[in-house]
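Note that subunit A is present in both complexes that follow, paired respectively with subunit B and with subunit C.
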Partner chain A sequence: MTEAEVIERIDSSLAEEFELDRTDMTAEANIYEDLGLDSLDTVDMVIVLEGAFDFKIREEEAIRAIRTLGDIHRFVLGKVTENS
Partner chain B sequence: MLLNVVVTGIGIISPLGHSFEELMDALLAGESGVRVVPELEKIGGLRSRLAARVEGIEPKQIPRKIRRSMSNMSIYAYLASQQALAMAAYPDELLSGGRTGVVVGSTLGSTETSEKFFADYFRDYSLERMKSGLFFQLMGHSCAANIAQSLGITGRVMAPSAACATSCQAIGYACEQIAFGRQDAILCGGADEFHPLTTATFDVMHAASTGFNQQPDASPRPFDHDRDGIVCGEGSGILLLEKKSLAEARGATILAEIIGFATTSDTSSIANPDVGAMHECMQLALEDAGMEPGELDYVNAHATGTRQGDLAEAEAICRLVGDRTPVSSLKGHLGHTMAASGAIELSASIGMMRRGELVATRNLQQIDEDCAGLLHLQQNRKLRPRVILKNNFAMGGINASVVIRSATHD
Partner chain C sequence: MQYDSIIIGAGLSGLTSALLLARSGRRVLVLEQHPQPAPVVRGFSRDGFYFDSGFHYAGGLAADGPFRPLFRHLGLESKLELFPFAESGFDRLQISATGETFSLPVGFAAIKAQLGKQFPAVQAEIDDYLDEIAGKWSNFPYLNLDTDIADFGIQTVHGASLQERLQVFSAYPQLQSLLSMHSLLYGVTPEVAPVSLNAQVAGSYYHSVHGIVGGGRALVAALLELLAAAGGEVRCRARVTELLVADAAIKGVRLADGEELSAAEVLVTINPAQLPELLSPGVLRPAYLKRLKNLRQTGSAYIIFAKSRRPLEFLHRSNLFIQPQAGVFTADTDCPLQERPFYLTAADQGQGEVRGLIGVVPAGYAEVAEWAAAGMRQAEGYRAHKQRIGEQLLELFAANCPELAELELLELATPLTLRDYSLAPAGAIYGVGRFLGQYNPHPVTRLPGLFLSGQAIAAPGLLGTLVAGYLTCGSILGHEYLRGEIKACC
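Here is the complex of A and B:
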């Protein structure tokens, strides 16, 4: 899977789950302030990403540092690379 | 007598319309909300194929963060609550003052949500796919909590659950909260969502309609000779009750007064109704209202179309008012909307007061001789009732009756 395909899968999964407008989903977008997610959503975000990429990330410390969509892209790309 | 509690707003999501006025138009026109539900054919052992579903609701009209904790029953309850507040022109600033509450129940938490969760869980007994909104849809007070959370209501929140008597109880308990001075206003009523297991609950007890699967609008048939059971429905009925003096002070339009309430436990059987217990409940509600049976202008029966339930209620009503007072059931139009039925049908009774016309029992073509002796309404009757008794009698031996009076009684 290419980097662009990973990012597309992330964005489409999150857009569907959280009913986001794709035009708002820039790498710089803060997931709380710009995309409107909250703490309950971050629980579901992990489940959605685990389902989309068939990996386990719930216990990863790095998730707590995620603030932007770009952070998610980098985190998932790292996991995908690590697992490949 | 409860002298100080009035109805100022009504919200309806039902198989026959998504507002109070749409519901009344459909009922007075004699329409049926019962349809064949093809998905029921897939369920082994289930004989009934009918249900009265809510159609045409677009859940995405509700913001995602509010909706994520809602199953269909909470969606219906939320939309009905919005309608009730709008009809009453209830000021937003009163919602968060602690003097406005919510008393709304359902028969269960969401069965559909429960089914989806367990279908996934049983694959590998893993909780790793469990989303955060699940619990909020399963909890017993899901509808009440979702209404309070989404509308910013900070007073008392309660969720009575008593099967088919749920919303009749909710209205009565809300009324008592206001009459006792604990709250100034309460959104009250009930909601339920259709699930095949609800139909199955009645089918296994031979209490679901199975003989009219090819003629959906011919069932259920309250009090009729050919009645063969319940048709399950869904929806929500929500009333805004207010302390009368405060409603008058803010210039609210008063739709009706709640003047009496009783609820009792029939311990003769958890499933089968007892005539004496039903009569006692109605009598107690009338005593609470300070009324005599002869002062009733209309009785809105629970009558669901089952052999035993209709028979017992007919005998109990006959014992109360003989053949002097018009009686009808709305289940032939709406099916049995379960926890919503009391509130939807009480709302319809208020509609009859306001429209000046009593709605006949749909599908009552040949009055069963075992249900005879009442003044059954087989055709609508032009009459503006002043005092109405509304019954709900539920599985579990729970009986409830409410007495309402027209706002223009003086």
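Here is the complex of A and C:
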């Protein structure tokens, strides 16, 4: 999968599962302030990403550090590279 | 009608939550769709015998047990009479293939000493394992009144499975059996069960083991009395069909007959997989709804209720687990009944002679699925199936225990019975399980005023369901407030 394909899969999964507007989903968008997620959504986000990429996420610190959509892209790209 | 809090489900978590909220000054109503409260736990009588159907024994209730303060805080301590299980062997294991038997005595130190005597080569590993279990179980929120209550625990859903943890004992399959047999009491096979789940259930029993005189029926009666005294109401035959939402917050519920009841808080204690059906589209996000629907459920079982012509002294205050071959337990149902492990306990053993027997054997829903449709439980084929299963199980019990040669079958619960009483998908005996890698739901939802409780959010059993009530009410009333009240009772 290319980097662009990974990013597209992340964005489309999150848009569908969290009913987000794709036009708001820039890499700089803060997932809490701009996209309206809250701490209760974090687990749902982990489950959506696990389902979309068929991997398990155990990196609690990295997940807690996520602030922007770009952070999610970088985190998932790192895991995809690691697993390939 | 206007309430502060409506609780859906009059099971142990629902009644516990109702009691805690009513005592905090709220006007509370519990709605139960069955004709009587706590249909799973209240048990039933047949032929003059009382049988428990949901509660058998509880761990951690000794005078110094971490569960005792919750019992006292709720007011159950003074309403119920507890009796201890046998010190020398509250649970026993029998391996069918060899006829070997083993006992677990009460108390971590006694278990270490006994297992060390039987398996001296691994005494150090046994000690390490039991220390780990002791540490984990007593650190459970509300048993440890100071532990952090994590709202997001990646670490807690990953980690070693019970099966992996017991690999250290692979040269001693009987020891693996003894340390994994309690998996039958939480319905998750050790291959996918977190060690922490086993700690929460088995660890509480390792600490101390009690029954309640009068069983689940007495427990439910006590909770109902306490709730009535606190001003809480319970309404049965009241099936909720919809959660009402306005201005992005919960507003109440609608019942099957169209009646609407309003409340600022609604606590849902039913199987969380069924919550999405109660909500209009768009109230909660697809990610959350899918997560609830996809929660993995525990397996199901046949539960036999029989009477013995002879007293069942050998089961008095001492349960028996039977396993075909030694090794880590499985609850595999892709095999004949004769090859499955099972659990035997005496009915109504709080007082007098014991002659009622309860046997629990893992079962797959597929075994009864052809009669799953409404009304099919009256079908001739289903009755014949039950008759056949009942006879096979009585034979199996007698083949393993000569003491059980003179049993008469009174009732047999199947996965369909469990489905209808607990309303769990596929008759899941312990509802949603705690599986490795699975995030069980949090008591707080994104919809203001909507909360979840029940064993899915904590653990099964009396301990798990009561703790779930505290976790949910702590999320509403403040954990520090509730824990402060409990500390004042210690």
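Just so we're on the same page, the second predicted complex is superposed on the first by the 81 of 84 C-alpha atoms of A that agree within 3 Å, B and C clash if a C-alpha of one lies under 4 Å from a C-alpha of the other, contacts with A are read in each partner's own complex, and residues count from 1 in each chain.
In the analysis below, a contact is a pair of C-beta atoms (placed from the backbone, for glycine too) under 8 Å apart; a residue touches a chain by one contact, two chains touch by 3 or more.
All values derive from a computational prediction rather than experimental measurement.
Student: What does the overlay on subunit A give for subunit B and subunit C, a clash or a fit?
Tutor: clash
Student: In the superposed model, does subunit B or subunit C contact more residues of subunit A?
Tutor: Greater contact footprint in residues on subunit A: C.
Student: Mind working out whether A:58 is in touch with subunit B, subunit C, both or neither, as first, second, both or neither?
Tutor: both
Student: Regarding the shared-chain residue A:77, is it in contact with subunit B (first), subunit C (second), both, or neither?
Tutor: neither
Student: State whether A:43 touches subunit B only (first), subunit C only (second), both chains, or neither.
Tutor: A:43 sits against subunit B and subunit C alike.
Student: Between subunit B (first) and subunit C (second), which does A:15 come into contact with in this model arrangement: first, second, both, or neither?
Tutor: After superposition on chain A, A:15 lies in contact with neither partner.
Student: Across the two complexes, what residues of subunit A are contacted by subunit B and by subunit C?
Tutor: Overlap of subunit B and subunit C footprints on subunit A: residues 18-19, 38, 40-41, 43-44, 47, 56, 58.
Student: Which residues of subunit C touch subunit A once you look at their complex with the stated criterion?
Tutor: 151-152, 154-155, 158, 282, 285-288, 290-291, 437, 439, 442, 444-446
Student: For the complex, which residues does subunit B have touching subunit A?
Tutor: 60, 64-65, 68, 128-133
Student: How about subunit A: which of its residues touch subunit C in the complex?
Tutor: 16-19, 38-48, 56-60, 63-64
Student: Which residues, counting only subunit A, touch subunit B once they are in their complex?
Tutor: Residues in contact with subunit B: 18-19, 36, 38, 40-41, 43-44, 47, 50-51, 56, 58.
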